[in-house]
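Got some structures for you, see below.
Okay, so subunit A shows up in both of these, paired with subunit B first and subunit C after.
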Partner chain A sequence: MERAEIEKKVKEVVSRILGVDESIITPESRFVEDLGAESVQSLELVAAFEEAFDIEMEEQAALEVKTVGKAVDFISKYLK
Partner chain B sequence: MKLLIFENDQWINLTPLSYTRPVFELRCGMYTLLERIMAAVKTRDITLFVRDYLVNLAKKNYPFFVNSFKGDDDVLIVDGRYLVEEDFRTDKEAVYMCEDEVVYAFVKKENAVKIENRSICEIVDFVKTLPPIKIDAKMMKYPWNLVHYNAEMLKKDFSKSKKIGISGNFSPHAVIHGSDSDVYIAEGAEVHPYVVIDTNSGPVYIDSKAKIFPFSRIEGPCYIGKETQIMPGASIREGNTIGPVCRVGGEVEESIFQGYSNKYHDGFIGHAYIGEFVNLGALTTNSDLKNDYSPVSVYVNGKVVCSGDLKVGSFIGDHTKTSIGTLFNTGTSVGVMCNITAGGVLPKFFPSFVWYVNNKFMKGFGLEMMLQTARAAMERRKRILTKEEEEVIRKVYEITADLRKSYISRSLKMKS
Partner chain C sequence: MGILENLIKKVSGGGKKIVLPESADNRILQAAVLLKEKNIAEPVLVGVPEEIEKTLTNSELGCAGIEIIDINDPSLLDEFAKLYQQQRPNVSEKIAHRLVRRPLIFAGMMVASGKVDAMVAGAANTTADVIQAAALTIGYQKNISSSSSFFIMEMPDGKIFFYADCAVNIQPTSEVLADIAIATATSYRKLMNQEPLVAFLSFSSKGSASHPDVDKVVNAVEIAKQKDPYTAYDGEFQADTALSEAVAKKKLKDPSRVAGRANVLIFPDLDAGNIAYKITQYLAGARAYGPILQGFAKPVSDLSRGAKPEDIVAVCAITCLLS
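Moving on, here comes the complex of A and B:
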């Protein structure tokens, strides 16, 4: 899967789970500070990424990812 | 005479409570199953047989032999799920059976040598060759059996204990409604003003250093464990065993708390068994009766079993936490170290270590963080998570992985 395609899907998931407009989500957006993610929502994000990309991520490492761009990098590793 | 107490592969039917402890550590009445067996047999030459991953923990917790038997004397061999009510018969060599299960066996020294250094399966196979005698025995096969017999055992235990009267601090503004001879308040226990102890339906035993705060009502039969606190305004209805160092408020009926757990606030828990270091958020409530008054079914290790009982509450594994307002359905089984948040009608089964958030099963923050939380929770009650306890939790995480994964994966495939 191309990086652009991954990024598009990540944004869709983030928008759906956090209830924010896709247009304000950039690779630099921080989940907590910029997009308002609560700790419970970060769990949902991990679960939703796993579902969307059909992957299984290492939960602690996944929860350390702080921005949308880093999430794209992190997910890309599982898709190689 | 030697005493050998064992658990066999039936331990799985007592999960989630038995995931982190041998079956004989479960409570019914004022005592654990092990304490009952030991009280009935006056020997300290004891061997325990437990499943492999509990061996180190058992060795640390008991000054007994574990999973290794030396056959140099007569031996009484007892299934750890047996709820002992009467003396063991040791007048002749025999195996005492109930519904095709070995309850206990008495083996003479001459034969004891034949089971030396054998596995528990081999030992049980051997005792099955002895002359069988059928008996009626209460075997704790499922978690709800412990709850079912709790009130009855509390009455019997109080009567056998011969403890009566007030050794602790009983406020002149607290009252005993019913017979004074059905109350024991141990030394160091405190019963504060405006507490009502109602013994009309059974005795009340309050163990040392327990504190009963004002405006609470405790109905017998009941046992309040050492250093447990009953929070102001609590309604402790009939048939409860509350183990040591718990904080219990709200309404509790016919339930067992293993110990070190918190149900600080309002909310109803009935016909339930709560493991250790469980924290139930404010207003957490379980149903214990179906609206059609039919027998309650319970998931046991992921499979449905009909309890045959009309009143069955929740069974909650060690270190599980619930959010405010969690509402458990009738006969819910919650695994070890789960994190449950409220959300409509909840499922009846939660595999160990899941997080249940917004009506979905999830992996949560992972085992390491859960262990960190467990350490913090235990420190608050002056306990440390030992290396052996941690080993057990890691093993339970491993053996419950498939079940957990299947629930998480199915949950994620469902539409939000």
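Moving on, here comes the complex of A and C:
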């Protein structure tokens, strides 16, 4: 999967789970500070990425990811 | 009889059901057997039934008729995924299915769906994990949007005080401080069957000092009073003003129901709360029971990672009484 395609899908997932407009989401967006995520929602984001990409991620490392761009990097590793 | 014995006596025989999702931990199994044998509460273990039964048999604990729920039960997973999705519509049912397979979330859904009265975990998970699972599945109590914790402090003369928050919120805002006070008042009422007199503590008594930290506490008192007008909240008070009627008379111009008679102490931040409970414990010889989590719509509590089976039983008893 191309990086641009992964990024598009990540943005779709983030938009749906956090209820924010896709147009405001950039690779630099931080989930909590910029997109208004409650810290408890991190688990929902991880589960949503796993469902969207059909992968199983290493949970503790996944929960450390703080920005949309880093999430794209992290998910890319599982799609190689 | 001490406070803990009193609370255990109060809950015993009531048949409260408490779910314990960390069934791979031997201390949890020992605690479940004690709860069942002493008729304190009905423990419900979550996990793979064959594995739990094997551990119980190998450790010679015996099953003692303890209810075991299969975490892979397809009909329960379906039911919980549907309910989760209804409660949190941004999450699809497929994603909810992934979430409810996690033991803490599964157990949280057992509480949310009313299958059990309460949940205790934390022997093998962090406090943050337990709070996250409870927030996602059970949500917060009315008027509150954050969780916190309290300690029951039993003084050598038998007097009881509730201290909060000594374990969860590091630098609470006025809003969170008000949430802590409202939740602790609720916990006090449920456990003590008495009226909570809630003092917001500070280094200032009713304007004796000016500082943004004092303003934070003053605002918190106002928010708590607005959200919960039927409970006695007052402050900002120095600790002596809150605890001694003689000092309160000297320091305050206006009468206060709380000053000098406070039984619930709300600390301005975690530094103050954590230091105060340990100082009370070590210098005054008080016994400290907690931290017990609070603020959720139904009771969930955390355990210290080093908890012994009898500590787990005590937390379960207190948590059941909060339901």
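Heads up, the rule we're going with is that the second predicted complex is superposed on the first by the 80 of 80 C-alpha atoms of A that agree within 3 Å, B and C clash if a C-alpha of one lies under 4 Å from a C-alpha of the other, contacts with A are read in each partner's own complex, and residues count from 1 in each chain.
The rule is short, and it goes like this: contacts are C-beta pairs under 8 Å (C-beta built on N, C-alpha and C of every residue); 3 or more make two chains touch, one makes a residue touch a chain.
Keep in mind it's a predicted model, so treat the numbers as computed, not measured.
In the overlay built on the shared chain, the residue A:G19 is in contact with subunit C alone; subunit B does not reach it.
By the document's definition of touching, neither partner reaches A:E28: not subunit B, not subunit C. Touch criterion met: A:Q60 reaches subunit B, while subunit C stays clear of it. By the touch criterion defined above, A:L43 lies against subunit B and subunit C together after alignment on the C-alpha atoms of chain A. Taken together, the two structures place residues 16, 40, 43-44, 47-48, 50-51 of subunit A in contact with subunit B in one case and with subunit C in the other. Against subunit A, the residues of subunit B that register as touching in their complex are 341, 355, 357-358, 360, 362-366, 368-369, 408, 412-413, 416. Residue ranges on subunit C touching subunit A, taken from their complex, read 88, 90-92, 94-95, 98-99, 102, 105, 131-132, 135-136.
Those residues of subunit A that touch subunit B in the complex are listed here as 16, 40, 43-44, 46-48, 50-51, 58-60, 63.
The touching residues of subunit A, counted against subunit C in their complex, run 16-19, 38-44, 47-48, 50-51.
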